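In the two complexes that follow, subunit A is the common piece, with subunit B as its partner first and subunit C second.
Moving on to the complex of A and B:
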């Protein structure tokens, strides 16, 4: 980490978004993670995506559990409320917060330990509810804060820094999410900002649970020879299958795409994702074939990346619950409390 | 045999059946017909943690003086379950009555010569008059209600009226049920001297009252308090609270024009998630609650500690059941007092409310939300299975239309913009309660909520002084909480140095015990604590008495422990009367306990109970 805080004043020449804000307005507190940590690159990508989408900072709700990854919610969009909760339980906090106010943008940042071990249950059930949030897993296969134990995403045969080999099969969040009926599943790499930023934009705009599993090497405990989650190994075995360009809602579509090569997916607010297939055999709208394809490539030691599955038509929690458009926390008390006359009538059943 | 001394409107009936045979309808019918005849009545259901086939009992106390607790003795037993005949027979008080199904005669039952046995061939009557196995079983139970109607002189017209209401949409059921009632009624009239000396007479003491269970009343309280987010994981005996909230919300919270539901109802994957959702929702400005029981509280501990330290409001109903561990899920106790008061690791203490009956469940539910938001901390409402799942006669619930929620120190956009800078954990008013803001208000209002060490400005810290500053401020908030708690109910009129201290569902038994003791020339004061932390009045009461009987329903004297830890009371003044059999405490138990201490004489120990 660095101790030198950047000044908050922005240079006048910095580009501004639709709100007239610069990227600096989407930054947060100084990161305390190790220099070179993949997580910091993801934080930068979140800053970039939030700025590009011109999200009002106060409308962004940042949620996390416990671990290195979970600390990062303090490092972006300081104008939004943050909730660093308990280990593995961020999805339930997100569920409650989202139930109270559906109008805000929810971003959860978690790690492989937080999501795939202690928090596996809550992660699965948030997917089942199609909770409207972006859920990022900063996946490095290792417990950093407790100094290098394997996590549940550690690959078979990978070596720990101290030399131990992992013999337990990994839990893959992407395949798990696809099995559970997730409506937006993506994988990326902290070192590929070009791929990651539009994925975050699309995930933030997706109506429902958007998962991005980001391979994010741990420079201190899992970047050595023999590790399958090092920078070098990831770069080598990283295989973009689908590239997603995010096209914000605007009066005129200026990004052109040629039919046949790209597949447009229209999001709920009218913005769209243009999917560019890099692997001709891959279909990101077919859950079964996509999952099979990912598994087959995995056997070859390759991580398919990009927007691996999307279904914008699935109903999210609020749609199923039939909650009103207005946030529940904004409903006037008079509409919630039925009054003394109604109570009197209700009591008739108890006489 | 029984003596013909008339006893009107003052006796207890107990019905032993097999669960899953529809006896609940018959028992409700009996209860409600008594209630509608203006006679105060108490009902207790002792049911197994099972769906079908195990023994279940229902106790109905007809009580002209309006007592709400068990008396401790049974005058009329309806023994419908051969499996439990022997213990059911044993339980009848001398001079009492026993009704049983004589389709299969049981001469052994007649062995007691101090009770009267009425054999009614219930199965035979129903087999001759109804078709279908299921119907015959159900009707056998309705039939005993008819027998009791004749023996006790119940108003058959009322029974018909109730059946007509219950089966308004299925009139054929009214006829078949009435037929079963009549079969039992006529058989009893023809074969026995009806009514018994022990019987009922019309009164007018139930006007302005309802028969309601505490879970339903608490659910109504949540609805009226404006709760919009309800998250829970099913667990006996709390589930009916959520069911009731859903039922009322479906009826009263759905927009007639749009069909949209002005509430979110979430069945969580476990209790950890349930409390997480409540914390998330209240952090974000909705009134939210969960209902659970002991095992759920155990699971919620970590999150409760977070909410305490990060100062997030939450409302939790703990419908206590028998522990430890899974314990006896369908029996009652007050065994989570310590667990709730100090839930979670580290220095944590939580606000707890102790309702004594369904009426208080309703009002305390509303109060719980106000206190949680005012104090920015979890508030636990400790009901129990007895209050939560049994029908209690209580005064009509009243709603004050002028009520508006106390949202506590919550700053809106305009207020935040007027500030130079907003700091979440700063003690601006010197009462230990800081100001909070909601997401979505303004970037200036944003803050970071964390369970890790933080400064009063909201930043992460590992600095001892900064950490202690916040921890000490939380103590000041605790001191403020003491002043906001519901006060104890105190009856200090006897001028004696002797008193009973109790809480929650013991109240009815204690009150009756006080009357009985007074009649025997023993005057005792009474304090019912209604909340934790204890306030000044609790301290004063304890200080003003020399002998204090602490009456509670657990083995380890948890209320007594809380009193010794959290007040200045001299421990040696506190005598425990502990009832932990799983059945609701009776007045007799308390009377005997107090007398044994004050007027020592040889005593046989009551089962499942201890004095220390």
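Moving on to the complex of A and C:
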């Protein structure tokens, strides 16, 4: 951690987005994480993506649970709304907020412990409901905040800092999400912003639940020899399979697709994701073959990364439940609370 | 991710050819590398250690700050007022928020608040080394030569034509900019070393001096004393009211001229013109116009001199080319000018010019301030001292030696008019040459500069320098009121910074000498430094050619005058760490954030050899007699 705040001084030629803001306007409080933590890099990627999408800070909702990773929502978009839930309970807070106000942009940041250990149940149900949010797991294979115990994502055979070996099989959030019917599943690495930033942009614009599992080395408790989540090990064993470029909605589409090389996916608001396959055999639109492929590579000790599965046609929570189009706080009181006569009528229907 | 994979992300079609021409890792052991990062010190002809003296001022150590200055620039009190300050346009702070650190004004703070420095001045050996050196002219160049050679045991004689030492600093720089007391005190520190100063002693024949003087070497520091003429109709007839700027200023300085007409035209818009117009106002003129041939962007005068003149209501009239002096009954009544018009291209260069009219401006006096030249009527041309086809002496740019081995030139006499700080540096270099020459050593084989590095890390989050960026703007120099300052010729206009201003201004310095030093093999490519750098000067990327690399850095490196640092290949991916030195604010956050101490903040100290260092090194190489 650093005691000296990042000064407000910036590069004079720092670009501005559609709102006239610079990237620096999307920063948050000073990080208190260990110097070199992967989580801080992900924070920087979120800052970059939020700036590039020109999200109005006051329209952003940042949610998290407990853990080093969950602390990071304080470190970006200080103008947004934030909620730190109790351990593993972020999805239910996201659920409630999203149900009440669908007009905001929801980003949840959690850890492998927060999501896959104590919060596993909530996580699964958020996926099933296809809640419209971006859910980032900052995956370091340990409980960083409580000093480095193995988490549920620790790989078989990986070694803890003091030397003990993990013998329990890991839960892989990507495969889990795919079996639960998730509509947007990605994996990335904190040390690869070229891949991560467009994924975050795409995830924020995706209608429905977008999961990005980001390998994020814990520099203090899990960056040693023998760890399968260190910087060095991750770099050796992670293979980009599909690169996603995000193309914002433009009045005239000027990008040229170089047919055959890229596959455009049109998102709900008209923006596009351009998928570029780096592994020819991989099909990010076929859930079954994609899952098989991921598993096969995992057996070889490799992590496939990129946008691993996408389906824009799935109905999201609001669609499934036919909720009103507008945020609840914008509805007139009479609509929200139509009175006892209407209630009685509704109850009568069940008698 | 493998290197191959990183490369797949880059769809730059030129990559194949780029990969074959990668940038070499930067050689930071070259003494120029870290020196150059300290923009002010690199720009200063004498390489004054600016950040060091600013830190000393911040600590209230004015005397120490003064001595750091004196070591390099010899005249801190003088230069703290009138230096041409090439350091300021170079200062990094000026690229971050427009206005550079007030480096020059802070130098004056050190000079104004120092204690007596007599005891700190170099010791002069009683026993002389038997070598006698003559300096011609008592300007800053000769004085510097004396300052450097006296401590080594030389007997230095300075011949000065006038009754007072100081050269143009005394005769041309007006006392409302540079008080005589300041000038005399700093010159006194040198003459007080036991220099044989011969005033009222013009050298009329170089031959005589060389043949009969009995000197081992001669330094010519006679300046560039000839003001340029403007040969136009009426010049001769109007002679009584047409003055050559530098001669006129000299007459004012010596009290020979005490007034001027009400309406004065100054021809030319350089620094001499600025002194002429402001001096005119103090000698009774009430309408002073500075006539410029070209538009504003082409003025030779420093911005601050223009500001000071305009503050005193001097009018600067552009696009007027002098045509004739106009007389009535044998007396000057004014001047005729062509009205000019220019076409400028996108870069602001003149592509065409034309005359669009004519204008008469009335005047009682005209002062010509259109340049100076060096002139050597007293140097015979058959002494083995070569002059080129423009009748300018042929001088070696590094050693300042002429084609006659025992004769050296420096200051304005060497390459034409420059400024005080250049004359000082010439003096330093000539002193080294004279020492080597007098000791029978090859003059060109001098010591090379070196740079030392020392970590500023004190503990977990502690650095032994003030690394917080302070967002204060440049402080403005307080001036004597317009009414008050004209009461006497020698009222110094600038009052000097107040204590509060000093306190704020020192914090604006970025400590560019506290360098970011990188060790590639320690880096784990966690990106922490990249993310924290407030000005985006760091990038980890695959290597490339410089042209290709510059635009694709985190913040495109557009300032080609500032170098890129490129590391050796990083252990995990073989990519390189690239730093654009341009806007680094030396906050140290990269080093603070780095988990492996791959970045460290280390203070660089430049050793720019002067005659004392040269002498010590020669001494060390002498065989010791047991």
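Here, the second predicted complex is superposed on the first by the 331 of 351 C-alpha atoms of A that agree within 3 Å, B and C clash if a C-alpha of one lies under 4 Å from a C-alpha of the other, contacts with A are read in each partner's own complex, and residues count from 1 in each chain.
Just so it is clear, a residue touches a chain if its C-beta (ideal position, glycine included) is under 8 Å from a C-beta of that chain, and two chains touch if they have at least 3 such contacts.
None of the values given here were measured: they were computed from a predicted structure.
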item: Subunit B versus subunit C as contact partner of A:217, first or second or both or neither; value: second
item: First, second, both or neither for A:14, with subunit B first and subunit C second; value: second
item: Partner chain in contact with A:121 - subunit B first, subunit C second, else both or neither; value: first
item: First, second, both or neither for A:232, with subunit B first and subunit C second; value: second
item: Partner touching more residues of subunit A, whether subunit B or subunit C; value: B
item: First, second, both or neither for A:35, with subunit B first and subunit C second; value: second
item: Partner chain in contact with A:240 - subunit B first, subunit C second, else both or neither; value: second
item: A:44 touches, of subunit B and subunit C: first, second, both or neither?; value: second
item: First, second, both or neither for A:59, with subunit B first and subunit C second; value: first
item: Overlap of subunit C and subunit B interfaces on subunit A (superposed complexes); value: none
item: Partner subunit A, residues of subunit C touching it in the complex; value: 1-2, 5, 8-9, 95-97, 461, 467-469, 471, 524-528, 530-532, 534-537, 555-556, 558, 572-573, 583, 585, 587-589, 592-596
item: Touch list for subunit A against partner subunit C, complex; value: 2-4, 6-14, 24, 34-38, 40-41, 43-44, 189-195, 217, 219, 223, 231-232, 235-236, 238-240, 243, 278
item: Interface residues, subunit B side, partner subunit A - complex; value: 35-36, 210-212, 216, 220, 223-229, 231, 248, 252-253, 255, 258-266, 268-270, 272-286, 288, 302-303, 306, 396-401, 403-405, 437-452, 459-460
item: Subunit A - residues contacting subunit B, complex; value: 29, 57-59, 61, 73-74, 78-86, 89, 91-101, 103-104, 121-122, 124-125, 129, 317-318, 321-325, 328-329, 331, 333, 335-340, 342-344, 346-347, 350-351
